[in-house]
Structures are given as C-alpha cells and as structure tokens.
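Presented below are the structures under discussion, each in the form of structure tokens.
Each of the two complexes below includes chain A, the first together with chain B, the second together with chain C.
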Partner chain A sequence: MITKNKRLMMQFSILIIIGSLLSVLGFNCSPSKMYSLGSSSNESSSVSKSEDLPYALLNADQALSSMLNVTGQTVSSTAVRNEFNIRNSAFAVNSYLSSMNAPMLLSATSLAGEVCNSLVTTERTAGAARNFFTGVNFNTGPSTITVGSYETVLDKFSQKVWARDLSENETKLFVDYRTEYLATLTPAEQGQTAKTSAFYMSVCSAFLSSFDALIF
Partner chain B sequence: MKRLLLGFLILITGANVYAQSDADREAKWILERITGVRWPSDAAVLQQMSTLISSKNSAGAVQLAMMQPQFYNITVKQLALQMSTREETIRTPFNDFAAAFIGITRDDLDGRELLTGNYYYAAADARIPAGTTIPVAIGADIIASNRHYAALESNSLNLGDVLEKRDGQLLTINNANTTAPNPDPAGVLTSRAYIEAHATAGTNRRLVEFAFREFMCATIDQVADTSAPDIRIGRDIDRFPGGDHTKFQTTCKGCHTVMDGFRGAFAKWDFNNGAAIHSSVNGIEGRDADNDASGVMNKLNKNGNVYVGGYVTRDDSWVNHANRGANALSIGWRSPASTAGTGVAGFGAAIAGTQRFSQCMAKRVFNAICRRDLAEENQKLLFTQLGTQWESQNYRFKKLFELVATNPQCRYKEAL
Partner chain C sequence: MKRNKPQEIPSWAKTGHSKPVTRRELLAHGIIPFAGTLFAPQMMQLLLSSTASAQSAAKCATSISSFAPFIHLNLSGGAAMSSNFVPMNASGAPLASYNKMGLGNNQLPIEREFGGGTFAGTENGALLSKMLEGIRSAADADTISRTSFIGVCVRSRDDSSENASNISGLVVKAGLNGTHLPNLGTRSSSTGVSDMPSVLLPPTPLVVRSFRDITNSLGYSAAIGTQLNEAQKIKLANLVSGLSQQQSRKLASLGAGDQLQKLVECAGIKNKALVEEGTGAVNPVLNAAVGTIWQINNNSNQGSNDYVFGSMVYNALQGFAGATGLEMGGYDYHDNSRNTGNTRDRNAGVTIGRILQTAKALQKPVFLYVTSDGAVNSPESDSRTAPWTSDRGSAGASYIFMYTPTRRPAVSANQIGHFTDAQVADDKFPIGNDPSRAAQAVFANYLQFNKRIGDFSRVVGRNALDASVLSQVIKVA
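So, the complex of A and B:
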C-alpha cells in the first residue's frame, strides 16, 4: 500500500513538474499558427514591467468555460461543477497576470483533472468520433502506448488548447513524462487499462492547466 | 519574362498567405475577447470570422462572435455583476441586475433603459430545459429572493437563450407571494440586487454614490462641489466636525451636497426581509413601520439632533447639485429634467441622459474586452468618441461592443 501511494505521489510530482516547466518554458515560445499577439521570447521578459500587456488572465468562470470549450464539451458534469465550486475562490477576480499565484495554478490543475476525466470518459467509447485520442487503445495497458500515437495526441492537444505547434522542448518534456510514467508502474500495472486512461488524463490536465491555457 | 511572372506569382501568393494569417489571428483575438474564453484553432466560427475579416468586414466578424453563448454567459454577465454589488466583484451570484443587462444587450434595446426601463428579465418557463429544476415563483423566487437567478447560473443554463423580458417591475407585499406594480420603476436602479447592495441599512446615500460610480464612472469625491448650496444636506451631518466649521465647508459639504441633493429620489425605498420595498406598496398592508405619513423611510431623517437645522426629507423630490462649473462640463447633463425631479425614475432618466453615461458604458465595455489600461489623456478622448458613436447607434450595447472591439486602441500596441 505504501509502495503504491509512493508511486502515485511520484506520478503526481512528475505531472506537477511538467506543468511547471510548461508554464515557464512553454510560454508561447513555439511558432504560432493562429495567434501570437506579438509573442516572442523578448516580450515574455516584459511581463513584470507593466500590466499593459497583450495577454489577460482568465478568471474562474472563464477558465472553466475555456477548458470545456477547447475540449469540445458543451455541458459540465456534476463532478466538474463540484470541483469548480471548491476551487472557484482560488482564481483571480481581475485579468492582471500578476494575480496568478500557486494556489490558483493548483486549483486550475484540479479543475482540469475533472474536465479531462470527463473528456477521457466520453472519448473512450466514442470510436471514430474521437477528437483528441484518435489511435489510442484504451482497452490495453500503458505499456502499449507508442511514441507515435502519443505524439499524435500531443499534437491534437497543442492545436486545440494552445492553437499552435509544440516546441522541441515541450515535446521532449512530454515524451520524457511518458517514459517516467511507465517506469513508476509495476509490470502488472503496465497492463491495466485504467492506467492508460489515467496517463492520458494527466497529459490532458497538463495542457489545460498550463500558463498558455489560462491566458487569452 | 517567365521568371518575372513566376516571381510576381510567388509575391502575390505570399502576400495572400500573410493576409490570411493576419485575418486568422485577428479572428481569434476578437472571438476570445468578445466571448471571454479560449477557442480551439479549428472552430468553425473562426473560419467564418476570418473570411469576413479578409473581406474587410471586421464588424461582421464581431457580430458573429457575439452570437456565441459565452458572450452573454461570460462577458456581459461579468460586466454587469461587477456593477451590481457594493464589492464590485465578479464573484457574485447571478442576479436580476445582470439578467436585465444581458436582456437589454441581447434584445438590442436602448441602453438608457438600463436606468429607466419598467421591466425585468427572468427565465421563460418554456425555455428551461426539461429535467432542470429552477424555482420560478414570481414572489418568492424572483422578486423577494435571488433563488431563481442563482439557479439559472448553477445549472449552467444558456442565459442568452432562457431569459425573457417581462413588462412591469414588481414588488412584494407583506409576504413573498403577493406582488404589486413597482410605483417608481427605474431599470436596474430598482432591481433587487442594486437595492440590496446599497439600501441595506445606511441612509440611502450609497444608492446615489454608486449610481455615479457605476453609471458615470465617477466617484463621489470626483464630483464633489463645495461651492454648491448645502440646503439639502441632512440633519445627521455635523456642520462643525471636530468643532471646525471650515472643515465642513471645505470637505464634507462637497460630497454631501451632491449625495444629499439626489438621495431624496430613494426616500421611499429600503431593503427588508430579502426584498426591495417601497413605502407606497408596503404601506398598503402596513408591512413597514419605518415610513412616516409621507412615505419617507425613517433612515433618511435619523440622528436629527446632530444638526437640527439640516434638511428634513419629506418626499421623494431631488435636486441636482452636481451641475455647476467643472461638473457641468465633465458630466454633460442634457435632460431638461436633470436640474430637479422626483423618484428614482426621474433620477435614472437624468443620469442616463448625460454624456458621461455613454462614455462610462464605453469605458466598461472597453475594460471588459480589451483588458488593458490606457493613459488618462487617451481615455478621455477615446471614450468621448465611443460614447458619441454609441449614442448615434441608438444606445445599443451590441453596437458598442462592435465599436470597441474594432477600435485600434483596444489592441495592445505590439499587436497592431
């Protein structure tokens, strides 16, 4: 039991680290397909100088609505609403980037977790109508996840959530995460279908709670 | 020659690709700012907006963005919620004030009716999805509590779809189930949310203070005028604070002459047991013991011994003491009835008729979608211009959103 908890903790830590790195490294550093609003590595340094920025922070309502919108969900589940009610107060009430803080990011991750849970549940049985997890076999354990199919999923999320390509750094972080995730699982767990769903749910959560997904 | 043609072709193609990319970026920016949420890059509405922008029809693109449910559910709702309470925060349950704002915007009504309309918005029974439980009793759930509106939000209903305009504002009599027509309707100024926020306890001065604050974007000290007469200042205001009459003349009087001049408008209003009350309605069955024979709430004349020579409110008349000197210029009173009047309806009409009201609404819409701060000197020029344009478009809020979203100053300079 202790070993299992430790493993879960380790997986959660890896997710947090990925999220944090994406927040910092992935702040619009990839070429944009649709929008950049003047984004460049030079501009990210001006974040602390002024609030007159091309970016605005999403508040709680906006963050939830955005998460549902980019994942193509029109109705929020009871679990999502409950999570929203719990996390709502940690979000900012204004649009200043300086209002972003650790509790808000953690709350965004929790909220994203429920939204992604709902998405994975829907897509698992959606067959050809899947929007994100095309090519994913949810009926096998995570040991069968190939880098190729995984990168297809990453590309879908990157385009739908960030509206841009993944940078090399970001791709590497996600690929490393897959390796580390598998390494934390026992051989038996690597064959469990629930672990495949959990893996993709964590990837989805990392996208939805990243810095880029919480601004507009 | 072939090479020249090829080069020309490449140049033209390249320019088109660039233009398309710009249009895509513009479409995404407009859509996200109008709806307040992020969108996936392959959303169908984005493609349509991009095409409109490519054909130099940015206004059409904004109109398309405003058709998305999030425009009402997020952008307009949050803009209104911030104006509806004392804390001025979006972390407020959905209420009748915000419902009216959404309705007036959606139905393309004259924006001045926000302060003058004799109607309210609530969910149409037929538009509530089957299986969704919304409390709909007019008295208990809509007029005397916020249950109806809170349930619309907690059930994530599409506010732009479910709300319907209901003519004739209502107040409850004695108990929550009996209603009577509101004798002094003034749009959101007589909404339950606004009256609860500003008439709870106090002396009804806050109702005036926040009317200036929310609808003219002016704090009361910004319109303070120590040269105006103090004839309307109540008996509860000390004329010798700390034994110093000069202090009253140079500071207290400035704000109180404006607030106390106008507060007669709200003399018959109060908030009690979860509902907005008006003495002429609730007096019918003697529900409220706080009003004297003239219907003036006792709170307007309390602490009468602080300065016995002060003004005693005996009716709901008001006088405008914010229409001299700099105030006349910055507020731009226009309605002939803006020098004096009676009731909240008259007060609301006077406020809605000012140039400042139009400029303030432009500022609020600008803040809601552009989310950037402008230098003071640029603000004045821009909001004056937008306010004038809005008026020429019959005060329709959707037009104002369109004007603001397509204004170059809405965009961060590097994004232009």
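So, the complex of A and C:
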C-alpha cells in the first residue's frame, strides 16, 4: 500500500514538474496579447492588441508609393501631392486591417484618381510606348470603347497592380461598370474624348484603391 | 476574358526582393511597427449606415448610437487643472494650504459651480479660476444649470504624450459609433490627441486639421471630383466596394477574419452611401446657433481653430462622428508669470463652455472629459496669483462635465480621489497614481451616465477596476 502511494506521489510530482516546465517554457512561444505602453502601472496600462493575420494595411505614404510604383511613375505631380496632402489624414497611422473605414476607402480612391489622371495624361500621347492603355483610342468618345480593348486594359492593370489574373466576379464588376458608365452619358457625351479619359482614369482608380491594393 | 496567360513581372518584383506577404516578413522589413488589434464588432458598428441599400441593410445597418456623445479635450503641456478646480482632502475639507499650487493659504475663496464643483473663487473682484471664467463667458446660466462636474485627482507624467488617459477605445467598444464619420482627432496619433490609450487601442481617428478634412472624407475631389458626375461617382464607389468585398473574402478563413471581412464590406457599402448622401449634413454653419457659438460662417477660414473645433463638436453631438478628441497646445506655460497661464486657462474654459453651449443648442447630451499631462508649481507663497515656475505632475487632475438638455445629471460627489496636505494627488487612493486607472474611473462614470455600468467588466476586460474600487470612483448617480 505504501509502495503504491509512493508511486502515485512520484507520478503526481512528475506531472507537476512537467506542467511547470511547460508553462514556464511555453509562455514565450505564444505571442503575447498584451503590450505595456509606458504608464506607471504595467497591469492597468497595458493595451490589448491581438494580431495573427498575415496582412497589413498600408499607411498614407506607403499607399501613395505603391500607387506610383505600380503605375510606373517615378515622380508625383503637383496635383498628386496636393491631393495627398488633403487626403493623408484619413489613412491609418497603424497597420491594422481593423482600421479600415469608409472615409479611408474614399480617400484612397480619390488619391488614386489623381495618380491615374497623371497616368492617362502620359499614356494618351505615348503611342506604342504605352504600358496600360494599349489599344485604347483616346481620340474618340466612350461609345467606341470595345470590349476587347477594355479587357486588355483590365488584364494589364490586374497583373501590374494585383500581380494576378482577374477573378470571374471581378471581371463582371468591371464589365458592369462599363455598361453603367456609358448609361450615365448623354448622347453628346458619348462622343467626347474627355469622357473616354475620365472612364479609364476611374477604372485605374478602382484598381489602385481596392482592398488588395491597400494591403500587404 | 483571357486566362492562363503568362504573368508580367510586377513592379515590386523588379526590385529584386520577394513580396513581403506575412506579418513576420513585414516586421522583418520594418514595415510594420506594431502588431495589430482587432475589435471588429465595434468597428462594424462604426461603419454602419442607416442609409445603406436594402440588401446591404440586412448586413450592415444600425441606428444612431444610444450612447451619449463623448468629447475629449486634451490640454497639452501640463495645465493648472488643480488650481482652477480646487481639490479637497480625504474628508472633503480644504487642504491646509494651497501655497505650492499658486493659490496661497487655506483661506482660499471657493466658488461653487455645476451643482457643487469647487473652483478657485473671487479675490479683489476677479475670479481666480480662469477656466471657470472662460466657461461662464461661453455657456449661459441655463446651460450651466444643466451641467454636472467631477474633478478627478490623479498624478500624471509632465510634458508627456505617454499618459494612458485616453478612453476612446473603451467608449467605442461600449457602443458609441458615428453614422457618417469614424472617431475624430486633431493630432496624427493613435488616439487623435497626444496621449496613450487606456486598456484598448481605439480605431484610427480621422485627423481633422481643417473642415475640409471632414468633407473630403465623405466624397471625392481632384480628378474624380471634376471629371465624373455624381452618378458616375456613385458607380465608381459601388465598383470599389464590390471589388473590396470580393477581395476581403480571403480573410474569412482566418481567425476573426470573418469579422474583418464584414468590416471591409461595410466600409465599402458605407463608402457608396456617403458619396450618395453628400456633405451637407456635417457642416456646422448650417445651424445658425452653432455658427454663432463658434463664431464661424460660410466665409470663415475652414482651417481656423474655431471652424475645426466647431465642426468636430457639431458632428460628435449630432451622432455623425464617434468619440472625438480635441487638443489645445501651449499648456506647458510655466514661464515665471501667471499671465500666460491665465490666458490659456481662459481659452480652455471658453472651449469647454462652447462645447456645453453647442450641446444645448442641439438639445443633445454630452460627456466631456478634460485632461492634461502633468501640472504646474508655484513658489511657496501666500499670494493667490503666484507665478508658475515649473512642472508638478504630482498635483495633476482631470475633469468630467456632463450636460443633458432636461436637467443637471445627479452626482453623489464632485470629486474622485483627493489631495493630501502635501498638495499632491494621494497616490494611495486606488486611481491616484495612475492615469490609466483614473481613465477607467472616468469610463465607469461614462457608462453610468448612459445607465450601462453593467457593461464595465465586459468592455474593460481582465484589467478592469474591481467592484470595491468602482464603488469609490463612480460618482454619477
């Protein structure tokens, strides 16, 4: 009986030792959920911050750099810088996806619009040196935009901005957008070249300010 | 659409580096300074719109928050908070002396306001508390008669943006959300003012340096603003929203990712709704009374401090914005005189008074929290106008003002914690030596003001003040 009790005690002790070792050694293997932010009381001042996601949100500077890089623009225009100056306060100061909100998305699209306006302006007269708007006739109105040339543009942007093909759903959204855009135009506007530029500027903006373009 | 075509080399790949895709890689590259935070359910509420489409409404819609508007005014630099509001000792009696606090001996005249709040009173015909003087200049007697005050005795670090006194994260988690705008702030920091969060990091505030920052956040400008008509802008917002919804589906398979996916979806939906709705509702000058209070009109400089504060306060009180943080600088004013401090204190009082008066004009309740980083010291003197000569965070304090349109909110006392005869906040009191715990006490009173104190532990979590402490710090009846 005594031997049996001793054996039980020994097993119990071993379990306690193993448990203690696991708890001591294991703490540093798990990411801490709490971070002290420098107040006088570590416990009460700690701010809970959980994060295990493999994605991060771009801040304003990163977003602008990304927009310029993927569209092959090395220098931002005055108009882009002006738009950045009035939009950057809407971007997150941290990298948390949970910081995304509607004003941030709106600002990203608006900033992208100016970046894309520069791109359209450059490529409109670039002839064969175009990188995005191959096959687009900027000298005619939107009514002459063909499905083929539009799809070519979409493919270019998808590869350069997202580094992948468009999904079926994304394709449908862009195709619908073209239809909807044309429906907003008067017959006179259908023939205006400026409306073609505006259309492609807006398509480019959508690429640059969608979720996938704003995260790492 | 063509498929299976050879992929072009993306721009980032041309740099010779692989695309950083994981959190660890981003950290390794120094791109991400911190780990992230998730409180998607609260952000969901923040993003929801009562004007969303019917289909979206089922997923994203909510009503205006039932929580009272929350405004935080931070006086950056270490204001003489405890020499405007006069702190009492543990027995509720005056201290033996206030001669290190620029108020002389214990025969200090006390001016009671807001139903019992103790302020430095009148001497030689002039009110010693310039903050109270400023408040009275901007808020009428009726407004003051419907306002309560609580002084919070807490030490804080001098001249520091690291006092964890910010409760906007807690307030958002409790349920305060804006129908049009996120949290607002005036500084590019995690809280929108120069302090640190207590317990919970708030959602990123929209930094308002000009009223234009608010209108910009609700619509497009520049190329899109000029080249697309309103219908086209809405179509574009819809396209971006649709794309982001599709692309955020990858989050659903991750831990808590489904919440984030909904967050992104609702950001897009809200985005479209904002473009449709325009910016008319958020302009404070459209309300004549509010324009008068802040002395602004259609011709005013939208980047002026009055326009910025007026628009932020207006949107907070209307429920268009969430928790709102205002900051006034220049409160590190110990320049061996009393003049600079008095001027700045009066300015702070005017801002406090305007906030309360705006609440009255809009017939909205408000919970106003006023903080600073540290405090000031005077030479030991019987003079009640002794100069400010150095920092003295041990004599720190913060304020709570509560206004309701119907009546003065009832409080059981006008002070949380107390000072000692050493003329410092008592560090033995449970919240007296820690701005973060004092902030929790303020938050508990905010919940009680909203009749939601039962949510305290749920919102604050494991670091919550315990019941015995709460019983000492909750003063809202």
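The rule is short, and it goes like this: the second predicted complex is superposed on the first by the 166 of 216 C-alpha atoms of A that agree within 3 Å, B and C clash if a C-alpha of one lies under 4 Å from a C-alpha of the other, contacts with A are read in each partner's own complex, and residues count from 1 in each chain.
We adopt the following convention: a contact is a pair of C-beta atoms (placed from the backbone, for glycine too) under 8 Å apart; a residue touches a chain by one contact, two chains touch by 3 or more.
All values reported here derive from a predicted model rather than from experimental measurement.
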item	value
First, second, both or neither for A:Y150, with chain B first and chain C second	neither
Which of chain B and chain C A:F132 touches, first, second, both or neither	neither
Partner touching more residues of chain A, whether chain B or chain C	C
Touched partner set for A:V75, first chain B, second chain C, both or neither	first
Touching partner for A:C116 - first (chain B), second (chain C), both, neither	second
Partner chain(s) touched by A:Y200 [first = chain B, second = chain C, both, neither]	neither
First, second, both or neither for A:P54, with chain B first and chain C second	both
Which superposed partner A:L106 touches (first chain B, second chain C, both, neither)	second
Touched partner set for A:S65, first chain B, second chain C, both or neither	first
Touching both chain C and chain B, counted on chain A across the two superposed complexes	35, 37-38, 43, 51-54, 56, 62, 69-70, 72, 89, 93, 95, 159-160, 163-164, 216
In the complex with chain B, residue positions of chain A that touch it	32-38, 43, 51-54, 56, 58-62, 65-66, 69-70, 72, 75-76, 81, 88-89, 93, 95, 159-161, 163-164, 213, 216
Chain A partner contacts - residues on chain B that touch it in the complex	24-25, 28-29, 32-33, 36-42, 46, 70, 73-74, 77-78, 89-91, 154, 156, 371-373, 411-412, 414-415
Residues on chain A engaged by chain C in the complex (per definition of touch)	31, 35, 37-41, 43-56, 62, 69-70, 72, 79, 82-83, 86-87, 89-90, 92-107, 109-111, 113-114, 116-117, 151, 154-156, 159-160, 163-167, 169-171, 173-174, 177, 180-181, 184, 194, 197-198, 201-202, 205-206, 209-212, 216
Chain A-facing residues of chain C, complex	1-3, 5, 7-8, 10-13, 19-23, 26, 31-40, 43, 46-47, 157, 162-164, 169, 181-182, 188-190, 196-201, 203-204, 206-209, 212-213, 216-225, 227-229, 231-232, 235-244, 246-248, 251, 254-257, 260, 263-264, 266-268, 270-271, 273-275, 433-437, 440, 461, 463
